[in-house]
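What follows are several structures.
One chain, chain A, links the two complexes that follow: it is found with chain B in the first and with chain C in the second.
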Partner chain A sequence: MDVIVQIIASGLTMGAMYAISTIGLALVYGSLNMLNMAHGALLALGGYVCYFAMAHLGLHPLIGLLGAMVVCGVAGLAIFLVAARPMLRAENFETRIFIATIGIGAIIENIVLRLFGPQPTPQPFNLSGAIVIGQVHVPNQNLLILGLALLLMAGLALLLQRTRLGRAIRATAQNREAAQLMGVRVSFVYAQVLALSGGLAAISGVMISSLSSLLPNMGGDPMLKAFIICVVAGLGNVYGAVAAAIVLGLLEAMAQYVLGVQYSFAILLLLVILVLIWRPFGLFGRRQVVRL
Partner chain B sequence: MTALLQLDGISAGYGNQTVLREVSLAVADGGMTAIIGPNGHGKTTLLRAISGLMPLKAGRIVFDGHDIGGRRPDEIVAAGIIHVPQGDMLFPELTVLENLLMGAYLPQAAAESGRRLEEVFALLPKLRDRRAQIASTLSGGERRMVGIGRGLMAGGRLLMLDEPSLGLAPIVIDQIYEVVDELARSGRAVLVVEENAARVADKAVLMALLDNGRLVWSGAGAELMARPEILATYLGA
Partner chain C sequence: MPTRRDLLILAVLVALAALIPLVTGMRYIVTQATLFFIWAIVVTQWNLVLGVGGIFSLAQMALFAVGAYSTAMLGYYFELPMLLAMPIAALVTVLVSTLVGAACLRLKGPYVALLTLAVAQMLYLLITNDTACFTNPPSGCMPFFGGVRGFTRFGDLGFRELLGGKWYVAHFYVGLFLLALAVLFSLAIIRGPMGLAFQALRDNPGCAMSRGVSKFKYQLWLFALSAFFTGLAGSFYAINFAAIGPTVFSISLLLFLMSMIVVGGIGTIWGPLLGALILMLTDEAMREFGDWRDIGLGLILAGFVIFLPRGLMGLPVARLPRLSGRRRAD
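This part shows the complex of A and B:
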């Protein structure tokens, strides 16, 4: 019984963390057909900004988190203005922006490395204490991550379904030209999507580093997993990505317990291969490329 | 009647290719103006140039006294030109109601959306029953109605319809044109692109014939139908 509680608790935490880092990626791909390869670097940037605000400036944790969101939001906006907008109408936009954001990611990562050094640094944004279920200790930090993930997903769903901006994002994703004919200023919508995904990346970076530690290249592994989750769910499908993230987190926790930690990533990849053989367009994807 | 939209020698095209050459045309402030001509001769390009989806290579577009050439599509919508594109271009994953409300996206239209929605439902009653349905599951005729209804939701002063009959069964075409005709007769300015001249000849106050990107003839519909040599040369009728 305790084992099951333990697996569910750590699986849900992992799934929630994956979900937070994935939704930003899925939102951007769903809206612009843009795989943002700098997303991982934004995770690291967000983690370090929060660390800097708390450890060096002595600010309140929430201000640290908020500051990280603002900095990463601005970074996301800058990626749109500098890289995405100039090539939006170009042929092969998807390939070009993919390559461009790899470069931007490397720049951000190296700036972080230069400023903070290569040594692992603990993330001060961390709740202490734990609650005990049976024999199992569930750290409060894990509960915070889970709660935050649920809050963010609900917030994003509300934004997409209920607000004017959300309707514009969905309409633009489904037919850019038609959205323009409705009076939507498409570049404004895209700019807001990139800023939003930057803010989400910051939260994700702070949460991930709170469970392990800060490293300039800490974004690489979560971004790889986020990509895998996006592909499994169907690229650009935000709600599918959330579901896939939670399921994969639980499966990973189970694989770790049954087979050992070293196999969990291999199992994850095996699952992806199986899913893609069965449904090449992803679990929730459609043949027709329509998403939000 | 004074001109609502004045095209002054406009040229447009894709890349190096010029599709539309020095077209000049005045669209009246009320009633139907029809652009006819064979497929692939610049009719759609003309509408796309007016709505700002395609940049002008030359010429001026004056709408309601303002030069709107070179403005962004969203600015042109805000100025009052509504473009219902060819093949509807609905938002496939949104419901009929969400599609219609996207038509009233701009603030000035959003403020009127409740009243306009009732008008659209009165004109196209089928949409009221279908409002919760996802757009991609509609029939071709219903999609066309959503496309037109979405355009009407924006308000605007000029409604541009790109081939409202395209791909529909004859009986559905009649229904759609009944609606278009009703709009034109109520005094709304409607600019229609149509391949079949006979379908609009008795309704349009002005018909303009585009051939190979040039305006080759314009005049009243009855006049065109009395000129078999033009019909034979350009429209193969």
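This part shows the complex of A and C:
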């Protein structure tokens, strides 16, 4: 019984963390057909900005988090302006932006490395203490992550379904030309989506680093997992991505318990390949992918 | 006669390159040239997959590592002579590549990229996270795949005994020979029936497919065949440095090689070679700014994709040796 509680608790926490970084990726792919390989670097950047604000400037944790979101949002915006916009209408956009963002990711990651050094640093954005369920200690930090993830997802769903911006994003994702003809400023929407995705990456980065520690290349693994989740859900499908993130988080926790940490990722991957052979467009994707 | 012209260019380049050890006595230049040959083999084969087959695979360095690790393990565990281990390693790479391809190639563009990247990452994690001792030699615990340290002392091609201190010159010529074969192979693919099939699939997918040209089939063939020289390059890399470790999986190296293709020109015959040469030279020039190397690479990669997507071969000056039948704007 205790084991099950433990698995569920850590699985949900992981799933929630994956979900936050996955949403950003899914949003960007859904609206621009752009795989943002710089996302992992943005995670690290966000984590470090929050750390810098709290440890070196002595600011309140929430201000640190907010600052990280702003910095990463601006970075996302810059990626759009510098890389995505010039080639938006060119052929092979998907391939080219993929390669370009790999380069940009390397640049950001190495700037972080130059500024903060290669040693692991603890993330100060952290709650101490734990809640005891039965015999199991569930750290408050995990609950904070879970709560924050739920809050963010609810906020994002509201944004997508209820606001003008959300409608513009959905319209652009469904059909760029039609949206443009209806008076949606597509380029503006894209810019907002990338900034939003950057902000989400910052939160995700702070959360991930609070459970392990800050490293300049800490974003690589979570990004890969987030991508895998996107792929399993069907690229660009935001709600599917959230569901897949939580399911995969639980599965990973289970695999870690049963088979040991070192094989959990391999098992996850094997599962993903099997799913994709069975459904090449993802669990929730359709052949003609309906996005968002 | 584009094929004859390309063969002529190849012959001239090989002849010129063969002179390098005769002209210079500097060991450093010769060994760096050998390394250049190895990377050039990798990028010509990657270019086939990426530019000709339109498969966005990021598993190239993983396949390279499969070749290198197979060689090292065959030498280490079975004490196989390296001359025998090299072709076996290349065939093992083809086998692995076929499996990866069968799993990944049913998917479309970005899915393939992500899945191949994930496969590479999985191999890396399996190698580095494995801490259980498989054998226990006097030098310390040895995991089955060498763990974080990797393999050393698994044999060599015998040139060290034969030539003494000059062994690196022999390796230079082996590398050049392998590169010439790899370029010939890529020429045969691009100008041969497979190249035609991909050209047809690019220009008019509907027509091509209705005439029985199966995209999956040809992509799988290309993916598997191009792995042969990739694996061979990995094998030779391991032998040349007499060591192999998980560092070949590093993102930095992947970035370096991808930049070569992008700078030279994706899908062209000579572009990747040109790119490899330029990046090796740039890297040499940036050596003094060691820590800034990856930032420079990132800038080069992003800059070229954004401003010069066809690479140097796409410049008007270099229009001549372009691959025929580029995708037209449709």
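One rule holds for everything that comes next: the second predicted complex is superposed on the first by the 292 of 292 C-alpha atoms of A that agree within 3 Å, B and C clash if a C-alpha of one lies under 4 Å from a C-alpha of the other, contacts with A are read in each partner's own complex, and residues count from 1 in each chain.
The rule is simple: a residue touches a chain if its C-beta (ideal position, glycine included) is under 8 Å from a C-beta of that chain, and two chains touch if they have at least 3 such contacts.
Worth saying up front: this structure is predicted, and the values here are computed from it rather than measured.
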Is the arrangement of chain B and chain C around the shared chain A a clash or a fit after superposition? fit
In the superposed arrangement, does A:A266 touch chain B (first), chain C (second), both or neither? second
In the overlaid three-chain picture, which partner chain does A:A171 touch, first (chain B) or second (chain C), both, or neither? first
Could you say whether A:Q180 touches chain B, chain C, both of them, or neither, answering first, second, both or neither? first
Looking at the overlay, what does A:V82 touch: chain B (first), chain C (second), both, or neither? second
Quick one: classify A:R96 as touching chain B (first), chain C (second), both or neither. second
Students often get this wrong, so check: with C-alpha centres, what angle lies at chain A between chain B and chain C, to the nearest 10 degrees? 90
Comparing chain B against chain C, which has contacts with more of the residues in chain A? C
Taking every C-alpha pair between chain B and chain C in the superposed model, the minimum, in Å, is 9
On chain A, the footprints of chain B and chain C overlap at residues none
For a test of understanding, state which residues of chain C touch chain A in their complex under the given definition. 56, 103-104, 106-111, 113-115, 117-119, 121-122, 125-126, 129-130, 251-252, 255, 258-259, 262, 291-292, 294-295, 297-303, 305-307, 309, 327, 329
Which residues of chain A touch chain B in their complex? 164, 167-168, 170-171, 174-175, 177-186, 288, 290-292
As the complex stands, chain B meets chain A at residues 51-53, 72-74, 77-78, 82-83, 85, 89-94, 98, 101-103, 105-106, 109-110, 136, 150, 154
List the residues on chain A that touch chain C in their complex, please. 29, 35, 82-83, 86-87, 90-92, 94-107, 109-111, 114, 217, 220-221, 224, 227-228, 230-231, 235, 261-262, 265-266, 269, 272-273, 276-277, 280
